[in-house]
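Following this line, the structures themselves.
Each of the next two complexes has chain A plus one more chain, namely chain B in the first and chain C in the second.
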Partner chain A sequence: MSQQLTNLESLRSALQSAMADDETVVVFGEDILDPYGGAFKVTKGLSTAFPNRVFTTPICEGAIVGMANGLALRGMRPVAELMFGDFITLAADQLINHAAKFPAMYNGRVTLPLVVRTPMGGGRGYGPTHSQSLERMFCGVPHLSVVAPTIFHDAGKLLRAAIASDGPVVFIENKLLYPLRQQLHSTATIQHDVLDPEAEYPTVRLRNFGAGDSADVTLIANGGVSRFLPSLLERLADEEIRLQAVLPSVLSPLPPIAPLAAAAADSGRVVIAEEGIATNGWGAELAARLYESCMGRLACPIVRIGAMPTVIPAAKHLEDEILPSETTILNAILKVLS
Partner chain B sequence: MGANDTTAIIVELAKQPGEPVRKGEIICVAETTKSIFDIESTHDGFITFLAEAGAELAVGEPVAAVCDAPSSIEEIQAFIASVSASSSLPQTDGSETSWTMKAELVARQHNLQIQQVAAAFAGKKITEADVHQFLSEQSAKPAAETARDLVNDLYPSGRVQRLVIVGGGEGAVQILDAISKIPTQQAVAIVDDNPTLQGRSVADVPVVGPVSAAQVKQMIEQNQADGVVISVSTSIPFRQRIFDEWSALGIPFANVVHPSVQVGINVALGAGNVILAFCQLGPCATVGNNNFLSAYCSIEHHSTLGNHCSFGPGVITSSRANIGDRARFGTGIFIEPHITIGHDSVIGSGCILWNDVPPESVLKSKLNYAVRQKKGGR
Partner chain C sequence: MMIASPNSFTITHQLAEHFYAQMLLIRQTEQQFLELFAQGKLNGTVHTCIGQESSAVAVVNAMDTQRDIIFSNHRAHGHFLAYCGDVEGLLAEVLGREGAVCGGIGGTQHLHAGNLYTNGIQGGIAPCATGAALAEKMKRSGAITTVFLGDGTMGQGAVYESMNIAALWQLPILFVLEDNGIAQSTPKQQEHAGDLSTRAQTFGIQTFTADSFDVLALHQTTVAAVGLVRQQQCPAFLVVNCYRLGPHSKGDDTRSPEELAAVEQRDPLRQLELQIDPEQRQLIQQSVQQRIQAAVQDVLGRPFISREGKE
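Moving on to the complex of A and B:
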């Protein structure tokens, strides 16, 4: 088998192929033109290949998404890049009050095929305003999808699905995943399968044990948290702890709860991990839904892991204390097992 | 620190080594790729620099120490070394870990120290399977090596009390019915002298042999049972003999109290009692040992019941009855307040007692009724 693409390569080639396949796809954002190719290089080469449909914008996130809304209403498929996810707050009005509402307000006579791509996440020492994971602020907005690939998802395929979708999508790219190779198949130690292969945004399951056994603990996680999993799964296999990691790629609306509830009930012990703040977070909604579906089938309360509810420091050693890590997840797993 | 900086250069020291500094005073100036910035003292004290001007330090490396008294670099370094040594966790070296996390978790679930298991399997990394093996070997050990404790040491508080029932007749059936409704009790064996019962079972509980103190004592000692109860209600001498002899041998007797029984406050209950459905033990009643109370009996408040008594259904006392040992009651008996019933008495069915009963009395009701043929058939 050929070597897997990195998350960055997968996204980059998806943009290339989406533009090649569909002339209504336009891409724009700050500093995305070659030779610079964007702050994280996802659009590198794109403006050279499609000079008329890739353009750079002023530093104004509200205008970027507002313009994208207008293009989408008029039949284009805009893909807007926001340089850092922290600045999506500046585009919140366009997303919440306009993009998500237009199809319903116009009684379904318009569609809004918009994708807003943006990198989230810390771990790079970028400080309080360039390190957050704000996706939870857009979770629960009616008619707005929030999609976030892990390294165990084909990120490019998810991006193509988002571009093909007729509704607005906020597409979260965790910064630390960009250089990592995607792991789309089982290895000697990690079983990889997809719970819902037909879904637009599938949910991946990873297991560090063979079929036939049931899990000791189920970890439900998303996006950037996936970077800890290759090491965590192997480490726990050495410790004889059967870990099942369930990774939805769509954060909002939540995927159908039944497969997640079945996985949760299988082990009876659940940890939910996200990189954003856990308070009022994605994991809180997910936990509530699991409690509704798993009444009496959980052995202990669900434990949620996320960033501490404070600002993210720039100094690396302080940032490490704020953000979830392999250690905090491991400790949560041991807690639910004890 | 700048986002991409992993080091900073100390440009200038703002204090002389050993000089006093105040919290908030600038002690040195550092430079990164994007800026030059001041480093302030976090405490009052005397400063010792650990780096010179021009040094390039990694993020997190100490620049200087501020102490209560002037200190040398060597003293500071020794202090840092001692702090980092004492804060390092045991077994940070993965190769030293001698058990898996799963093994430790399983051990903990069984109230076992993983070190106990590790000691039994010296020289290998303990796995979950090893812990299970250790546990099964523990439970297979002869009872003499395992302290038996009916209070709370050996067992968790919600443990099930395993009972041996003496006698496999209808009394046993009543007791088994009560036990089936008591989540903390379980019948494990029946002993009965009737040879036709041997090898058979009563309500799935096996008859394991004749009424033999030796066999029951062995079961208790081998931790196969926790206590005994006598199901025979018709022979008081038998009840007493078994109870007294076996108690003298150290065999513990258990109470079986049907869950529908109402027990008041301050009730004192001995051992070996069988109290069946809908009985009442009123507040401050005292019940001795080895009594058998059929359904619907009431030992009313402040009454005292001795030992080895046997009650038919529906024996109702009023307040402060005082019943001696080995009394035997029929069915449907009412007892006025403050009545004393002497030991070894027999009270026939239907009696209403309003006077004291001397010991070894036999009471027969004179209540009578006429029977005539119903007119007109059905």
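Moving on to the complex of A and C:
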């Protein structure tokens, strides 16, 4: 059953099925061939199954994404892997000035079905240049989509949607989510539903209370921080605090604001959490949009949680202080409730 | 070689006239752009290839424009016109009028027609072109890809990343270096160590060298390079030594009068003119002039493009 898959298994099986279903899908990246199968093993088995369409590349992130752009312009559906999300800066020109520009600046006369997959996030002690969540730097780039599954999304389905899309997508995979099992259905304590089931990249809602009640607080979060939610929802349920977590899977452009604003207004108290730096981040844009939409219905200012604005230390105890945790999110929730 | 046939004299003459007409069309279209700019009718900027038209014409005519692919850069009018000859579409593009090839969004540096793609970022098109070459190789279309680079662009790492992969994977791509010896205002000697023409050799890519002064010889060299790329399904590097007679864009030429006079002597259009029958030359000149005048009149009479209905 699909809900039994880990995030990694879901992504791997999506790549397999996408390549089996469509021979224009080609996969590129560093060290992705079997037996190694990629630094995080998402591509494991692919080069054995599709030896002519899986390419291991030299270390050249700019050219990896640039080549993918050329393939996409010529009718292929490239999926490029960047080994660590931190390396995406080396491909920024290809993403911002090529992938996101070609269809628009040629007045819609070309499509650019590109997916750049890359793992982001810390918590593994890799230090300043192998732990960041840089997706916010690509949020707000016109005509570029940024998608990030949580453990409450079917990651493979999102990846298939990204591959099927005719525009460029940066697909963020959080390293700590890879081994976690996806949770796609309600449990005894957590109600799981999808706000917009028809959307290409749906938004999941989790509640630790029954339908019909209003939430005390709304947490809007994405990607890696979703790993804190099973515990957080249960802890707050024990305290009789009704929490609803709203988890968009597309970070940029933001999904339609009305359902998010309705969820925010339902509780009147909002916390936004992301693993990346909060300053000038995804949450900053989201908060601004919520203020524009429903400021009068908020009981208190929105609180944003993210990494502290500094480099991510390698030493575990120092790294823990910099990155958001279950505790920092819990404290923010208690703050908006007080 | 295509010229070594019994009636090579006739073929050479036909080719010379054909090339002359195309080069003149490019030259006069760009001169028209500069004039329209001076009149305040053309907004923004244009990077002309005045003096380098022969490179565009020789290279593009060596390709199979029905299926081959071209990537070009900020100085792309010549490549565009040699490829599709759409003077009206290009004029409309730089003037923001109806009928523009890219809806007035792309302007002079960001053009697309058929299998031609241009972008204004130096070097960024090199990996895109390499990817296009891989796509065509995977599709077994038989198409090759040509990417036009300038000497200034040889400072970009993306170019060498692309050459490495193109050679490693044996992709059918022709890297064309239009070496005019100057990047915007900085002479080549102040930007590059070593010899640019040897850059591809270390990747095992065969290098061809020619001069833009003689368009027919340049064409012959390009035919050989294109033949290698297509038949062997491998990359090649074509170095075209050329001469930028005009400024980088407009009014930004800091070269001395002596330098300019020297490059003036290397004008391929004037050189080719000497090889064309005077009567024929006059006919071509009249026809090109009429074509451009009519296009300008037509396009200036069209309405400006509206953003209505666009996201």
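Here, the second predicted complex is superposed on the first by the 335 of 338 C-alpha atoms of A that agree within 3 Å, B and C clash if a C-alpha of one lies under 4 Å from a C-alpha of the other, contacts with A are read in each partner's own complex, and residues count from 1 in each chain.
The rule is simple: a residue touches a chain if its C-beta (ideal position, glycine included) is under 8 Å from a C-beta of that chain, and two chains touch if they have at least 3 such contacts.
This structure is a prediction, so every number in the text was calculated from the model and none was measured.
Student: Taking chain A as the common reference, can chain B and chain C both be placed on it without clashing, or not? Answer clash or fit.
Tutor: fit
Student: Quick one: name whichever of chain B and chain C touches more residues of chain A.
Tutor: With both complexes superposed on chain A, more residues of chain A are touched by C.
Student: Thinking of the overlay built on chain A, is A:H317 touched by chain B (first), by chain C (second), by both, or by neither?
Tutor: After superposition on chain A, A:H317 lies in contact with chain B alone.
Student: Tell me the contact category for A:Q94 with respect to chain B and chain C: first, second, both or neither.
Tutor: Second partner only.
Student: Rounded to the nearest Å, state the minimum C-alpha distance from chain B to chain C in the superposed three-chain model.
Tutor: The answer is 30 Å, the least C-alpha separation in the overlay.
Student: Would you mind writing out the residues of chain A in touch with chain B in their complex?
Tutor: Result: residues 124-127, 130, 216, 236, 238-241, 314-317, 334, 337-338 of chain A touch chain B.
Student: Touching residues of chain A toward chain C in the complex: what are they?
Tutor: Counting only chain A, the residues touching chain C are 26, 52-53, 55, 57-58, 60, 62-76, 78, 93-94, 97-98, 101-102, 104-110.
Student: Which part of chain C faces chain A closely enough to touch in the complex?
Tutor: 69, 71, 100, 102-103, 105-106, 110, 112, 117, 119, 121, 124-136, 138-139, 145, 157-158, 161-162, 164-165, 168-169
Student: Using the touch definition up top, name the residues of chain B that touch chain A in the complex.
Tutor: 1-6, 59-60, 100-103, 105, 108, 127-128
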